[in-house]
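This report refers to the structure that appears directly beneath it.
Chain naming follows the written order as A, B, C and D, and within any one chain the residues start at number 1.
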Amino acid sequence: MNLSVRMVVVLTAVGLISGGLLSVVNLLTAERIELNRLKEIEDAITQVVPGTVSSQKLYEEDKFTVYASKDASGQELGYAVYASGTGFQDIIVLMFGTDPAIETINSLTILEQKETPGLGAKITDQQAFLRYWKGKDIRQPLTLRKPAVGSPEELGATEVNTITGATISSDKVMGVVNLSLERLRQIKQEGKLASGDGHVN
Amino acid sequence: MSTKSLSAEYLKGLWDENPVFRQLLGMCPVLAVTNAVINGIAMGLAASFVLILSSVVVASIKKLIPTQVRIASYIVVIATFVTVADRFMAAYFPPISKALGPYIPLIVVNCIILGRQEAFSSRNSVGRSFIDALGMSTGFVLALLVLSSIREILGAGTFLGMQVMGSWFKPWIIMILPAGAFITLGILLGIALLVEQKTRERRAS
Amino acid sequence: MQKKTFHHGIHPPEHKHFTETKKLEPLPAPDKVFIPLHQHFGAPAKPLVKKGDEVLLGQKIGKSPVLFSASVHSSVSGKVLSVDGYAHPLGKPVTTVTVSNDGEDRLAPETQGHENPFSLSAEDIRARVKEAGIVGLGGAAFPAAVKLNPPKDKAVDTVIINGCECEPMLTADHRIMLEYPDDVIQGAELVRIATGAQRIIVGIEDNKLDVYKQLRQRDYAFPVEISLLKTKYPQGAEKNLIAALLKREVPRGGLPFDVGVVVQNVGTAKAVWDAVAHGKPLYERALTVSGSGIAEPKNLMVRIGTPFQAVIDHCGGLKEQSNLVVMGGPMMGLTQWTTQVPVIKGTSGILVWSEEKPAREYNCIGCARCVGHCPMGLVPTQLMKFIKYDALADAESAGILDCVECGSCQYSCPARIPLVHWLRLGKNKIISEKRKKSA
Amino acid sequence: MTDTGFLLRSSPHLKARDSVPKIMYAVVISLMPAMAASFYFFRLKALAVYLICLAGCLATEAVFLRVRKKPMSSLWDGSAVITALLLAMTLPPDLSWDIVLIGSVIAIALGKQVFGGLGNNIFNPALVGRAFLQVAFPVAMTTWSPPATLVIDTVTYATPLGNLKFQGALAQGTLTPLSDLFWGNTGGCLGETSSLALLLGAAFLLFRKTIDWRIPAGAILALGAFTGIFWLTSPQEYASPLFHFLAGGFILGAFFMAPDMVTSPITPTGAWIYASGIGLMVGLIRLFGGFPEGVMFSILFMNTFVPIINRYTRPRILGQRRGT
């Protein structure tokens, strides 16, 4: 066989076998991988809006997604907002939940971050940071309390404690949340949050 | 063609030709994913999977492949197995898959794997290639294990997520950062050289 | 008044007080003199006498075979005992004429002076200087006649008379200027005539103010300028002295000729006068015997070929614990393993002292003192490392061949690294490699 | 002729009196005022940190000397003592003893001995130790307590630069007064608070010519120019150059760490480049970086360039034509 013909044949054969094998693997795994992804978001929604039984994607744009979360009776419990922004070192991806009137924040969870371990990475820490967000009044923009105070009672209604030694990371999270809230209200006013027509997970 | 005994073929990967400590190959995953033992083991197993299967496949089809396209063929074979490993991990071990991030796909360009195909599998029998790949894999896993154990124990006070240091221990956060990877690897390479030098001296005398 | 000087350099303790007030006194010629036929920069002289010959004081016993060489003369009258290898202060044994002194100092007939030396032509002066075997008496022993003969394309405008004597402990030049000022200045005038220069500058460091004042007070029939310099080492190094006095820089690898200058030491100037006016060949020189190992430090006029031991004995002998004998100054002098070596034309001093075990060497800590003190603008510690790791090309491009081995770097090095030793080693390696390539 | 027992060696035969240990101990002496100030402001806490650093550094040095079969006299050449003192001065007063000890071991082992000991290290050993601690224990390394001379009932206390960067002290008018910075009546690392004490020691070093004056001068000029431009354009937003000189570790760094002979350039031009690099970096980090203070990183950063700076800033050789 001519050399160049042989080269083409061999490479084609190798490529074909490889492609075939990969499509089989894809068939076997694709569904599971998608399920994993959805489960992650679902878990997060359940976490930020307690009592969620089902959720529904209401609105999506770049790096900003709003889900409606409902209880067993189909009653709307509030919104879960998936958002991201630049942190101290890399992108911070988070999710937080609000009541249907967008007046109080339910809870906040950090999905992805690469902040300095031991310092900025404390944004994922319940004790040091996340617990201060529960039930804050979001009719006004939230603010950070610097330097941090000892107990949650000392904080004002719209104040969140800073992480000691990680002012910047705390600040970045605060920025993402405030911006997202503003956007959330805006699209709600524009009537884009009408539920019922989205896809039910 | 290698003429070593099969046991020697396997054992060389552990120390004499250890891919990490002696050949300084595959440094990217070694430095990037050894911040926790579980990540190190996962990466080691994934790479071993790819290395062993690629070696066997390459050794069995070596006669069919024209020299001019051999690298391209090897890469396709390697990339296939890497993708298999990647998808499998994403489907069944999502947290580890997330932690390892892009480093699983990057196994494609790991010099250990392509290096073994080019240096060994393309000129040795299937069985011998399998043994060689097994040895190299063991050496690679061991290296990752050592590195990630040191880093996890010092950097987090845990081993495989279990607390091993007392409550007095303050984690050395630098150890789970990239800087800690370089420092640990540097010290381990220094020790490896020292051991090698001492053995050579002992053999010479 | 503005005192001139050059950049960098050091100021080591001078230790000149031992001898600076002591008059030059002639050392009686010893019973035997050992006159090496190689005492200068260049090729060795060819012997003109053989064992058993009678020689007279000032008689030529070694003839210079080429331009870069110098003749050698007998420093006593008497009988040649041998012409053979003998210990030499520069290290290796050298063919040496041993003469037993008959004590009569019978003068050789050819030592004829000239009544009006200033009327002589440049050619005649050079011939007489060459005939007298004069070399630079500062220490390098460069044949003086070569320096008096500038190449046709390089016009010399200035003669510098080097009266710095920047080496610590040495005072012989100081005494010559104090005791023989006319000889020095007249000798300088002969040098000026021989080189066709317009003016003479005498450079004197401010630790010899007595000389400076004395020379300033005199009237001169020729264009002489007496210049005061700030005391600093190595001001007596030609290139630094030219930079200090004239702000001219001799190009790298070049000679003072390249900037229109000829530099002669004060002792050389006096020797030129003695040779041209009195027909006296260079068979004796002034030197300083000093150091804590010498009982009575002195400045002496010593016949060439006198063993160090005879000189030291005249100064009360060695003190017992002395373990260091140096020919030349303490900064650039050479240690001697025996006191049997003879005084040669380049012996500016004999220094003896005792030294304890040297302090240990440390790694270079990068204090940069060697850089701050190098009068040539080199980076000695970097050069040292290049040589240590055999990076000869790097060393050469960093200027190692410009090193004059003055020792300022090593003097100031707190880590006590033998920098001069390393640099010398590097220079030798580079030069011998070059020779190999050209051969 | 027999051996006469005279020494044979190459010239020169005279030696200046300064030696490596003398230089090192001069630096130790120059650190005394700042040490005294830290004892005054932080009391026994300071003493403990100094003692642990000394013990850790000297012990590590001794182990390495023994293993590498080097003369034990090197232990007392003063370099390890300087490393210990400088490291201690850059640590927060409340740091616990085990962290201090780790820092001392790292400083000598990874900062100095792995490179081959005194003279061969690329980075300032004390700063290597500190950098390691800073990254390894970020919380402990940024937790400050007020000096014993200030009566405040808070546990934690921000440094003047921390105040400036994170608390908006300039806008609120709560910037630490210059006089406190000068005397040292403020929070911060052990040895950096009292500018007066540091400057006394620095004056001694400059007078003795132990350090190259160009390095502090260059760093001060560069930091002054950089912060000065911003201050002049917008004084409500940026602190004055004088504040930047006196606050944080700048004086300690510019006079005692940057001029470390081993890790600074040996050529005069090189010294200017190196020093202005440090000054600029400090300014950049303080004004626009993520950290309130940047002296340590700036010095370590410029340390890396020293070999190449030395190579390309050789002085002009006498007789060399300009530009060749």
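In this text, a contact is a pair of C-beta atoms (placed from the backbone, for glycine too) under 8 Å apart; a residue touches a chain by one contact, two chains touch by 3 or more.
Since the structure is predicted, the reported quantities are computational estimates derived from the model, not experimental observations.
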Check: interface with higher C-beta contact count, B-D vs C-D, is C-D
With centres defined from CA atoms, tell me which chain sits nearest the overall protein centre. D
Express in whole angstrom the distance between the two chain centres, defined as the mean CA positions of subunit B and subunit D. 41
Chain centres from averaged Cα atoms put subunit C and subunit D apart, in whole Å, by 48
Centre-to-centre distance between subunit B and subunit A (centres being mean Cα positions), rounded to whole Å: 34
In whole angstrom, how far does the Cα centroid of subunit A sit from the Cα centroid of subunit C? 87
For subunit D, residues contacting two or more additional chains: 137-138
Can you list the subunit B residues in contact with two or more other chains? 173, 177
Among all residues of subunit A, those touching at least two other chains are 116, 118
Listing every touching pair of chains gives A-B, A-D, B-D, C-D
Where on subunit D is subunit B touching in the complex? 96, 98-99, 102, 110, 114, 132, 135-138, 140
Within the complex, subunit A is touched by subunit D residues 137-139, 142-143, 156, 158, 166-167, 290
Which bits of subunit A are touching subunit D when the two form their complex? 88, 116, 118-119, 146-147, 164-165, 167-168
Touching subunit A in the complex, subunit B uses residues 61, 64-66, 68-69, 72-73, 76-77, 79-80, 83-84, 87-88, 90-92, 94, 155, 171, 173, 176-177
Show which residues of subunit B lie in contact with subunit D when the two form their complex. 168, 170, 172-175, 177, 179, 183, 190
